[in-house]
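In what follows, subunit A forms one complex with subunit B and a second complex with subunit C.
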Partner chain A sequence: MKKTWWKILASVLVVYTAIAGLLLGVPRLAILNETIRNLYFHVPMWFAMIVLFSISVFYSIKSLSTKSEIDDIKAVESVNAGIIFGLLGLVTGAIWAKYTWGQFWSFDPKQNFAAISVLLYFAYLILRNAIDEEQKRAKISAIYNIFAFPMMVVLLFVLPRLKDSLHPGNGGNPGFNSYDLDSRMRMVFYPACLGWILIGYWVYTIRFRIRSIENKQQHN
Partner chain B sequence: MKKILFSLILMMATLQLFAQDNGVEMADTLRNNGKIYVVVICIVIILLGLLAYLFSIDKRLKKIEKESNTGK
Partner chain C sequence: MQLAKEVKYLIHKEVLLEWRSKYTINGVLLYVVSTIFTCYLSFVSLGDKLTWNALFWIIMLFASINGVSKSFLQETKGQQLYSYILASPAAILISKTVYNTLLMLVLTTIALGFYTLVFDSFTPPDLMMYYIAVVLGSISFSTVFTMVSAIASKAGNGGMLMAILSFPIIIPVLILLIKLAKNAVDGLPWENSYDEIAMLLVVNVLVVATSLLLFPYLWRD
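Now for the complex of A and B:
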């Protein structure tokens, strides 16, 4: 993925969502009104986060068998990039909630669990910083990450569905079905997700490359 | 000038009437008189700026990578 074509693709997709997301038609729903367009911006943040955390857990598992430092750095840097998207998702979600549900934080199950899953990954970073010895740090944090990832999946996709939630798609329904019925929204929503996932991956590769140069300088 | 302004105001007044499709309030007037494009332009400029910045970071990083590989 050293080529630039996918970076350009990501840029085009993200700019396209900003234009099409604000100008194309959306279903007219009460309470939501125009804020339904937030679906194109708030939800892709979470998808980008989940993809980055998946990359992280992949390299954590790999680093346990290869014991390679590069895999370990890849795991940390993708968590670092993923957390940014998680925080952006929380903040945009809170703002959206203020104008549709009435409060920034209404202790909605999904809101709470999303915050907890971001905290889980903060704990991962703190755990890493607490251990000085490199190999021990790589091993312990990889194992922690392998536990944190399914926890995050359960917190975001399983537990909120068992409770009554203000978020759409909870109480048994999958995903964002209520909006997704509209094919006009799909035309923007899917490109938005792909675009932001690619941007997230791009940020991760930049972080990884900086880190590996720093590492090289340290060893010299 | 006055005539144009007057007709514009009249047009905007009628636009609001058209906007009420099914009683749900949407930002129709804003889009019809063109002002939503101002917001779109701002967002696109911000995005383009940030993306250009990302590309420039990427470019600089490539240069540093090349230097650190040859400098061994």
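Now for the complex of A and C:
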């Protein structure tokens, strides 16, 4: 129980948000209508991705000083888990955009920058594949990971504010804070974020354990 | 003080090496000129000034990838070892970045001149601001590409890796540059561009700071 309580909490929270997110009342707004519920499913993906990529940078920095293989595996597996959430964020965003903006992909700045930041991490994975020697791979990919992280922050949080975007919260469009005048959405949104971040962390720990077992088998 | 001295000597070395062979500068110059000429032959005329601007930056992007990536990829293992014994990693990185900036400044200036000469249907009304965009572009291209070329050369898989690794990092910078240059092309007042100029400077400071922190780990084999 001591070790699994957060996994149970994560499952309960995600199941709760899936049900409550579809059933509880939401503010009635023009154009958005019921698609506003996508907030519970789209935004938490990005939070989970950011948390996982931050974990990855943390372990990359650690692996540069400790040179331990475990830290390197942790860094790459959190990127692997983070990319899944990044892709899910893009897909949920595109489906939402189909019903509000009329197209899955309308080359909105926010969409473009999100896609580029996912590309950044694909480049990281390709860099890893290009190097055979394990220690060298750990070192060089950690350096690229740390180098790329500030750029991802610029891409996702700074640049979209300089461009005109249709995305809620950008370019004068109302953001999350102005939706929930009666704070009904807060009841679902915050648990959803916490739940998906925990699920992401769970995915990462499972991937890490599989990878370390594989590694052990290879070494024996 | 020691660092400044080392940087000065290393820049002198780079310039001297380049001056003796004149390989990079002439090679990239010919690359730019022939690319612009090819573009001219295929476009014939650029009616739209936005296309004019975008095409210029795309040509500059590829020229600078070719020019700057030479800095680490071209050096032999022996050369690298020798300079690593003599100088601190920070000095090596700073000198390469400064040298690449100088190289890119010369190149982009010549390229801009040739570009306006070939596509003479249009010149930006605010040439001063356009030139500032070009200068900022040279600086940002060289800071980003120097570090990425160091990473790519250590990974030992030259050209393709360089492009894959640097494109996602350079795209935000390129977008800012095109925006700034577009302001110059449209002849907007300077107040409208302060955001972009400040942002580009911030990104450059960020890139240089992280490179300086990470480079010592990179060169130690």
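Here is the rule we go by: the second predicted complex is superposed on the first by the 209 of 220 C-alpha atoms of A that agree within 3 Å, B and C clash if a C-alpha of one lies under 4 Å from a C-alpha of the other, contacts with A are read in each partner's own complex, and residues count from 1 in each chain.
Keep in mind that, in the parts below, a residue touches a chain if its C-beta (ideal position, glycine included) is under 8 Å from a C-beta of that chain, and two chains touch if they have at least 3 such contacts.
Just so you know, these numbers come straight off a predicted model, no measurement behind them.
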{"item": "First, second, both or neither for A:L87, with subunit B first and subunit C second", "value": "neither"}
{"item": "Partner chain(s) touched by A:E34 [first = subunit B, second = subunit C, both, neither]", "value": "first"}
{"item": "Subunit B versus subunit C as contact partner of A:I131, first or second or both or neither", "value": "second"}
{"item": "Which superposed partner A:F113 touches (first subunit B, second subunit C, both, neither)", "value": "second"}
{"item": "Touched partner set for A:V158, first subunit B, second subunit C, both or neither", "value": "second"}
{"item": "Subunit B versus subunit C as contact partner of A:I140, first or second or both or neither", "value": "second"}
{"item": "Shared contact residues on subunit A - subunit B and subunit C", "value": "none"}
{"item": "Sites on subunit C touched by subunit A in the complex", "value": "147-148, 151, 154-157, 161, 164-165, 167-169, 171-172, 175-176, 179, 195-196, 199, 203, 206-207, 210-211, 213-214, 217-218"}
{"item": "Interface residues, subunit A side, partner subunit B - complex", "value": "4, 7, 11, 14-15, 18-19, 22-23, 28-30, 33-34, 199, 202-203, 206, 209-210, 213, 216-217"}
{"item": "Residue ranges of subunit B touching subunit A (in the complex, touch as defined)", "value": "21-22, 24-27, 31, 36-37, 39-40, 43-44, 47-48, 51, 54-55, 57-58, 61, 64-65, 68"}
{"item": "Subunit C-touching residues of subunit A, taken from the complex the two chains share", "value": "64, 113, 116-117, 119-120, 123, 126-127, 130-131, 136, 139-140, 143-144, 146-148, 150-151, 154-155, 158-159, 162"}
